[in-house]
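Chain naming follows the written order as A, B, C and D, and within any one chain the residues start at number 1.
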Amino acid sequence: MSTETYGAAFAVRWMDGVAAAVEREAGRLTDLDAAIGDADHGANLKRGFAAVAEALAKEPPATPGAVLVTAGGLLIATVGGASGPLYGTLLRRAGKALGEAGEVSRAELADALAAGVAAVGRLGGAVPGDKTMLDALTPAVEALRESFAAARSAAEAGALATVPLRARKGRASYLGERSVGHRDPGATSSVLLFAALEEAAAG
Amino acid sequence: MSTETYGAAFAVRWMDGVAAAVEREAGRLTDLDAAIGDADHGANLKRGFAAVAEALAKEPPATPGAVLVTAGGLLIATVGGASGPLYGTLLRRAGKALGEAGEVSRAELADALAAGVAAVGRLGGAVPGDKTMLDALTPAVEALRESFAAARSAAEAGALATVPLRARKGRASYLGERSVGHRDPGATSSVLLFAALEEAAAG
Amino acid sequence: MLINVPESVVADGLRGLAAAHPELTVDVEQRVVVRRDAPVAGKVALVSGGGSGHEPLHAGFVGPGMLDGACPGEVFTSPVPTQMVRAAAAVDSGAGVLFVVKNYTGDVLNFEMAAELAEDEGIQVAKVLVDDDVAVTDSLYTAGRRGTGATLFVEKIAGAAAEEGAPLERVEALARRVVTRSRSFGVALSACSTPAKGGPTFDLPPGELELGVGIHGEPGRERRGMMTAGEIAEVAVDAVLDDLRPSDPVLLLVNGMGGTPLLELYGFNAEVRRVLDARRVPVARTLVGNYVTSLDMAGCSVTVCAADEELLRLWDAPVATPALRWGR
Amino acid sequence: MLINVPESVVADGLRGLAAAHPELTVDVEQRVVVRRDAPVAGKVALVSGGGSGHEPLHAGFVGPGMLDGACPGEVFTSPVPTQMVRAAAAVDSGAGVLFVVKNYTGDVLNFEMAAELAEDEGIQVAKVLVDDDVAVTDSLYTAGRRGTGATLFVEKIAGAAAEEGAPLERVEALARRVVTRSRSFGVALSACSTPAKGGPTFDLPPGELELGVGIHGEPGRERRGMMTAGEIAEVAVDAVLDDLRPSDPVLLLVNGMGGTPLLELYGFNAEVRRVLDARRVPVARTLVGNYVTSLDMAGCSVTVCAADEELLRLWDAPVATPALRWGR
């Protein structure tokens, strides 16, 4: 069992990784959103995480918790839409759960993100199976107790599993049956979050 | 030299023939107008000559002159655009020139139509070579002194000769050089007029 | 598209709005539009906002008798809480602020956060949720009905009440009454093109249409082969009347999605009126035009509000905004 | 298209106009729209008309302070003389009628015939020809400049003078002054689709544009690869200013062709203003919107009128029409 710990630099690396991934995948996210939403998910997250990366580069906070709180606040302040408050709450709540600690373990990170995911559920009123980001986030934080790699593949599996679902929350729910057969954009961007986390942890 | 004469029934047959031809060729006229104008020439003439045919069927005037005056007045009252007043004036003026005669010769018809064409020139201010209906009408009435068939082929040649011209009158003139290479819609509809005349004369 | 770069369309639009309308104060940087004379002493203030791409909604409805402030988000993306808080602070005279929120997850969440923040700053905030689109079943299995054309009715009528000096609870209650009495249904004849995507957000072959579309370029509930204006009017009006049997004469909005010519929209209004007449629903007032749009989408929506006498009086009250103006 | 059949679009539009605007008298059969209170005793009357497809022009500008009557023709086809004579007879109070004619061969010929017929009926008629479009060289080799955006300025300003009680010669002289001082330039980002043709009137691949287009779906003077809003503003403003160096502050119309979203149009206004500022041309008033349209064409036009104080005063005077309304 790993006893490695993760500090502020790791958290910044994580956020930078998400920013790079979102930048790279923005077109794909937007196309997914065009199919069952309003074609802005890629642009939304690109704008948000670019602001996060820029702010962290300018003034990197001292603890991983502070990094996530800053990132979450910036997402809320710059993204808008459904994903801004939701991803913003995820990171802010997780950051707050990490407290003042300079270094945290993977288990602590998993607990913190679990608190974040619970907050996302409360805020948006969705549960797993509603074809939202929660379908990737929920299994991913669970698997994070095992390993970073397990978290990433759980997110991937969760995102893939949204394809046959009928959306019950968010914009895709307006389509009713027609939402079936499409992959949820938010669940897909959640995969990028956990892929970047795995990479950041690898150093 | 033919000494045949033509009465009111002939004039009605002529107008009916134009109505049928315009109905058949409306799409082509509109497409020509789309290229260098505003895509309504076919619809305009269809509307106008349909009204003419209907009115003539209801109450056929007693003389060829009266038929043309009625037809011209109806074109003015129903077509609008540039072609309405112009074709309307052509037929009205020609009809007036025929006077009260119950039967007219081809030569008289040619004189009357020449007066009509002159009126069109005065009204619209165009001369042959400006890429308008006059490019077909002018040689056609000239050739009508020879025969109905000659009139039709002169109209055809005149219309074809508009292709390389640069428009100096009407909507196509807005295009300047870009009007070159397109056949004028009004000259093209004038061919239908003389083709129908030839057919009507054939009985 | 008539743009510079996709990233600047909202800011560019606000610069142009400012240039055309000196009677508005436009903060291009912070994306907040308020009437120049805000805050109006003693007056309850109305603030709305939402994604851009629906112009003139909302910034075009800022002015005496309607909104005090508007917050445009990115194209089809709800604005962020800070915008709303800034707008609320700029227009609040102490009499409180009503947030007019269209029912979309993003708008709801961001306005909720803004309300909390504004209350932390000592501003009294009420919220009204507009959810008039009957194409969406309001059930546990959806995010609830979308807010579309009724937003205009709410902003106009509640705005008139606020202008007359009504207190916050009353303005809020009136706004809610308008929502309760309003229903909409929309149809797309083409997809719209967002600047970010650079092309149509979905593929709709000419000659087909989408019934029950929203205003964000999302596909509708059902695709159909081409229908006449009269057939579309029947579907739209009946969808609305299935859900609302007005006993009062109605306010009618025949709204264009942006890309449908006004000539066609008026023709559609004739058909809508024909169907309403056949269903014995009298029309008290009609507004025809592009008011709640979806960029360049071809299509239309029908909104009906069963207006009692008070609502009708407030509808007729003076209004002076860039997009809606009468009585002064 | 949101229509029943191509043949009835104009009549359907008029039925819908009548349903929405009880303050207008609409003769659907004869295609004549006049203000309900016509003829207004002692007032000079303004009548305009032209092809349909440019809505709200002209019927949307009928009302106090602007037109007394309008005659819509078929789509993109000038109306016929009988319509104009009927309209003139319906609005003439004995003070005479001004025909506002856009310079197109069809409009000119039909209005000319109408003027003769109306004078035969004892109506005093004056005519003003609007020819503001600098994309067309005014020479022996063309039908002369087209009438586009300046028509709105003429109808508003001459209409205000007539409403104030000015006699016919003065209303006519003012109209002519507006024409002399106005210039326009238009750009298409897409072709428009006419109901009769059922599809685009010309082929313009996305990413290309036509400079110097008219409002009848005719191609422009030149095709170009895509330009930014800023570049288009430079071309349009410079084309206008090449021909008219205003010494007075200008009235500015930033007009949409119908299919361009209002968001983009406002962004374009920002660029137009930037260019005018750089050329040191002060802007007194700005109107942004879809006023002189070309069905669903994407694109825009810029119209500038060098407004002296009197023109500006008349521009600001009250107007109450379906599409332009202020001051009352």
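Remarks
Criterion: a residue touches a chain if its C-beta (ideal position, glycine included) is under 8 Å from a C-beta of that chain, and two chains touch if they have at least 3 such contacts.
If you're wondering where the values come from, they're calculated on a predicted model, not measured in any experiment.
Minimum number of contact steps separating subunit A from subunit D: 2.
Discounting subunit D, connectivity by touch gives the groups A, C | B. Centre-to-centre separation of subunit B and subunit D, using mean CA positions: 31 Å. Centre-to-centre, using mean CA coordinates, subunit B is 53 Å away from subunit C. Taking the mean of the C-alpha atoms as each chain's centre, subunit C and subunit D sit 29 Å apart. Contact with two or more other chains is made by residues 75 of subunit D. If you draw each protein chain as a dot and join the dots that touch, you get a simple line with two loose ends. Every pair of chains meeting the contact definition is listed here: A-C, B-D, C-D.
For subunit A in complex with subunit C, the touching residues are 30, 34-40, 42-44, 47, 76-86, 123-124, 166, 168-171, 173-176, 178. Against subunit C, in their complex, subunit D makes its touches with residues 1-5, 8-10, 12-17, 19-21, 52-53, 55-56, 60, 75, 189, 199, 206, 228-230, 232, 254, 258-271, 273, 283, 286-288, 290, 293, 295-296, 298-300, 320, 325-328. Those residues of subunit D whose C-beta lies close enough to touch subunit B in the complex are 6, 51, 73-82, 104-106, 109-110, 113, 135-137, 140-143, 146, 194, 196-197, 201-202, 214, 216-219, 221.
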